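We call the chains A, B and C, going by the order they appear; numbering starts again at 1 in every chain.
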Amino acid sequence: MKRRTLVTTIAFAPLVGALTACGSSTATNPASAPGGSAAPSGDISFAFWGGQQRVERTQAVIDLFHKAFPDVTVTPTATGDFNAYWQQSTVQAAGNNMASVPQMQNRTLADYADRGALAPLDDLVASGAIDVSNIPKSVVASGRGKDGKQYMIPYGAAFASLMVDTTVIGKLGLELPPEGYTWEWLSDWLGQISKKSGAPAINVFGGTSDELEAWARTHGEQLYNDDGTVGVTAGTVAGFWNYMMGLIGSGKSQSAQAGVEQQKLPIEQQPISQGKAPTMFWPANAVATVQSTLDTITPGHEIQVFPMPSESEGVPGNALWLSGLSISKNCNNVPAAAAFINFFLNDKDGALAFQSDNGVTTNTVNLGALLAASTISDAMKKQMNLYKTLSGMNLPPSYYGKAMAQVFQQNLISAFQSVSFAPGTVDSTAAQFIKDAKQATGK
Amino acid sequence: MTVSAAAETPTVDVGAARAKVLQRRRRRSSFHAYLFLAPWFLGLILIVGGPMIASLALSFTRYDLLSPPVFVGLDNYIAIFTADPKFVKSVSATTLYTILAVPGILIISLLLALFLNRGMRGTGVYRTLFYIPYLLGGSVAISILWLQVWGQHGMFNQVLSWFGVTGQSWIGSPNTALYTVAILAIWTFGSTMVIFLAGLRQIPQTYYEAAEIDGAGKWQQFWAITFPNLTPIIFFNGLLTLVNALQSFTPAYVISGGTGSPASSLLLYTVYLYQQGFVNFSMGYASAMGWILVLALAVVAGLLFWSSKYWVFYGEDA
Amino acid sequence: MTTPQPGMGQTVEVGVAETKPSRLLPRRASKSRAVQAIARHAVTIAIVIIMLYPVIWMVDNSFKPNAFVGRTLLPLQGPFTLKNYISGLTPRASLNIGVSFLNSFIIGVLSVIGNLFACSLVGYAFGRLEFAGKRILFTILIGMLLLPYQVTIVPQYILFHQLGWLNTYLPLVVPKYLATDAFFVYLMVQFVRGLPRDLDEAARIDGCGDFGVFWRIILPLLSPAIATTATFTFIHAWNDFLGPRLYISDMNKYTVSQALVQFIDSTGQSSVGGLFAMATLSVIPLIGFFLATQRWLTEGIATTGFK
């Protein structure tokens, strides 16, 4: 008995202590200190996701930062697995041990910002320690949490696109997607392609939130409302699923089973990169990879990126997915963290070294420099130009609430899959999906 | 043995002295045993015990990892059993997976261990080759490799086509995906086989020699010597394979990308538990699921241990 | 010694070899023996090839340029390149694969020593000694096997954070010295219980205490279990990705399992060929370790009379 009590005390004291310390602000927040007269110094850690290329390009920026700020040491820590990054971040946050500068994304920001794992950056922005003057205001605004405070400064914009192998389409004698093309036009066009080529024209997985978001936005809805509640309705979800299943059933897209198989593969292994299908929905920042893979296998094909379909208003369904930098609540070297964030966002040589590896750079000055640089491939520039086009279109702002990963990635996938293998259940499954979504986000 | 000078009759004294010696020996034995167990005690107190108790406590809370836990009593447990279709799905998927994987692993491991124990030339090489799948089993590469075998355009369908049969996508179809994961578990049988081999090696040669001299044939030798002496290892492998199967996480996670796809057919119990804990920010719920699993496993293990009285023969009892 | 059994057609090496476990079976005419041997080898090789097909495919594709991975089912088709291996092994800015091999090796060896030390001691206690509370403690031991690790991850992380062990190898290695690997403890228990008590008693009569019996009698006889524990501990440590993922954030402390994950990036550029090349390379030390410990496994019990 005695030993058990002892064990309990030993176990619980630190646990309870750690868990309750999360929300409270223990030390005075250094972020409110006046703009430092002393140069920043000390150590900070920077956590981000990405594979080898990302790590190399990030390290290049860090090296430049070290030259500019010799008294600061930035320790990078990266994982190639996007999902693992969030698991790591969550566990670290639970232990009050997030990296000083954790990379965040606007889609998943709410889960961390609304729960107090991140430090507000408003004072740093106001004092100029973090200079956001070259980033469009609407983009900066998407880094705000539910309480209106700034928790993340976006540095890279990713977005969905329709990738098209224009060479194949040209050979089939068909036109390319015109400006403001609709979902209906797309379905007909894919039908023509598959009829002429005798093979599926596109490979949709059907269950991803990327396309659902575009569908919702072109049908007057959004994934989330601005108060963080679920914005999309069961009817819209059902309509989207019926559209996707129409593509699959008519042979315009590959089968549902093939969709399950391909969903796990990296972009280099997808049919469009292998020259086996001429179109695909995929984030535009992969265009360089698709192009270089195709160039190796069947040279002479050109990939172009188009916006997502529109409904009748002509505004495409695209939303911007913004990756950015935050400062964790448990960071104990805020001046250095702020200096690093500022450098990452604004330094021109850094931007050229990073080459917009994680979404098009949101800094308009640097974007211009990148477009003019010869070190950036033509394929990359296509993505950047599409971004410029989209930003000029005044897309309605997008909001994201909590449980994005749970509802719109995990649940959505399994819901669509169960429907695609049991077609009669679209409406009831959509209703259940929305019900579960509301419960998850209401927490 | 000393005889007390004050003894009245020799037998009583001898008994008392022997009892005293045994009692001293037992106490010393306990103390010695605790010395041997010291590392484990330390581990229990410092590393395992605390987190175990904490996770039990968390199962009675709502805990989203980033805010302090909130006590909710039995809510999690009630919700699990009354309001969670995915829970039911994960239990049935895990049960089916276990029924497929455990006998498969045990039978193949035992057969191949017996086969390789014969001392034919190249045994060492074959043993290593059979072991290689186990070395790769948890790798990130497996998701792509398994697709190459069981996908629509995979090797299995290629072989079927040689016989004129057109195969479907085995790994992409909810009806068949779980079977491919069970086969993956069986494919990585190498470790179980090696444990059987170790067990076979531990049976003293002298037993076989004696039986040979008595004229016993191969089959008789197997049932009279090999099998009985192997039962502790069969029990060990059986218990652990069963526990591992019911707790299986990595194969289903890697192959389905953590989503249990297609259509939750690969949503094994711990995969769902992981989802609840780390994707859905419901660590209290996940902890409750974990302890329900512990209870189920305890019942299963308890039954196995009880049955072991009847069929497991320990050399120490020889 | 040679009693031909009619209809058996089995062959055997005559004579008792201490290190070979083969049993004594009658010898037949050498011609049909050769046919038997060839048939047995042929069947085994066929099984091996079928079973190792995914591995063969992976190794084959590790020699292909990334763009060409996954286009063929059978090996030795398509372009060939060593680039994946060269590029993978070249030290890079932040992530040095070679260093990760060394890191995994260090963790592996430390883990092996820890497990052998702790699990044999504890296994002997449960397997051979009598002590107060044995039943309850054994139940706790089995209980440790039953709890899924996912639920203790967060409390353990917090614990190690409190101890200041984050970003070191301590959370991965120290538990091994404290017999927290219930799997191996129980393995030792089962093997110990499988040993006859005759030798123990003989040793005790000669004056050995508990530790003497452990050190001189039980431990040598446990060499198959020790070899197994060593092999598996090393392999578990090598392949473990969850522990390092949580506790190691310094990229030059990354283990092989963490380094492998860097080859697939769903948000950027992946190198599947590189992944296959590094996975192939990472299996080689494991095979080496396995072969090295197998010699203990084959030694078996050389007791031919102990009274």
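Criterion: a residue touches a chain if its C-beta (ideal position, glycine included) is under 8 Å from a C-beta of that chain, and two chains touch if they have at least 3 such contacts.
Because the structure is predicted, anything quoted here is derived from the model rather than measured.
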item	value
Interface ranked first by C-beta contact pairs	B-C
Most distant chain from chain B by Cα centroid	A
Approximate Å spacing (C-alpha centroids) for the pair chain A, chain C	40
Centroid distance [mean C-alpha coordinates] between chain C and chain B, Å	15
For chain B, residues that touch 2 or more chains besides their own	50-51, 54, 65, 140, 144, 283
Residues within chain C bordering two or more other chains	70, 154-155, 159, 261, 263-264, 272
Junction residues of chain A, two or more chains touched	11, 15, 19, 81, 87, 91, 94, 269
Touching residues (chain side chain B, partner chain C) in the complex	26, 29-30, 32-34, 36-37, 39-40, 42-44, 46-48, 50-52, 54-55, 58-59, 65, 115, 117-122, 124, 126-141, 144-146, 148-149, 153-155, 158, 187, 191, 194-195, 197-206, 208-209, 212, 215, 217-218, 221, 229, 232-233, 235-236, 240, 243, 247, 249, 270, 273-274, 277, 283, 286-287, 289-291, 293-294, 297-298, 301, 305, 314-316, 318
For the chain C and chain B complex, residues of the former touching the latter	3, 5, 8, 10, 13, 16, 18, 20-25, 37, 40-41, 44, 48, 51-55, 57-58, 70, 73, 117-118, 121-122, 124-125, 127-132, 134, 137, 140-148, 150-152, 154-156, 159, 174-175, 177-180, 183, 185-187, 190-198, 209-211, 214, 221, 224-225, 227-228, 231-232, 235, 239, 241, 260-261, 263-264, 272, 275-276, 279, 283, 286-287, 290-291, 294, 297-301, 303-305
In the complex with chain B, residue positions of chain A that touch it	3, 7-8, 10-12, 15, 19-20, 22-23, 81, 83, 86-87, 90-91, 93-94, 111-112, 115-117, 255-261, 263-265, 269, 403, 405-406, 409-410, 413-414, 417-418, 420-421, 440, 443
Residue ranges of chain B touching chain A (in the complex, touch as defined)	45, 49-51, 53-54, 57, 63-69, 140, 143-144, 147, 151-152, 168-169, 171-174, 177, 255-264, 267, 275, 278-281, 283
Contact set on chain C toward chain A in their complex	65-71, 92-95, 153-155, 157-159, 161-162, 166, 245-246, 249-251, 258, 261-272, 274
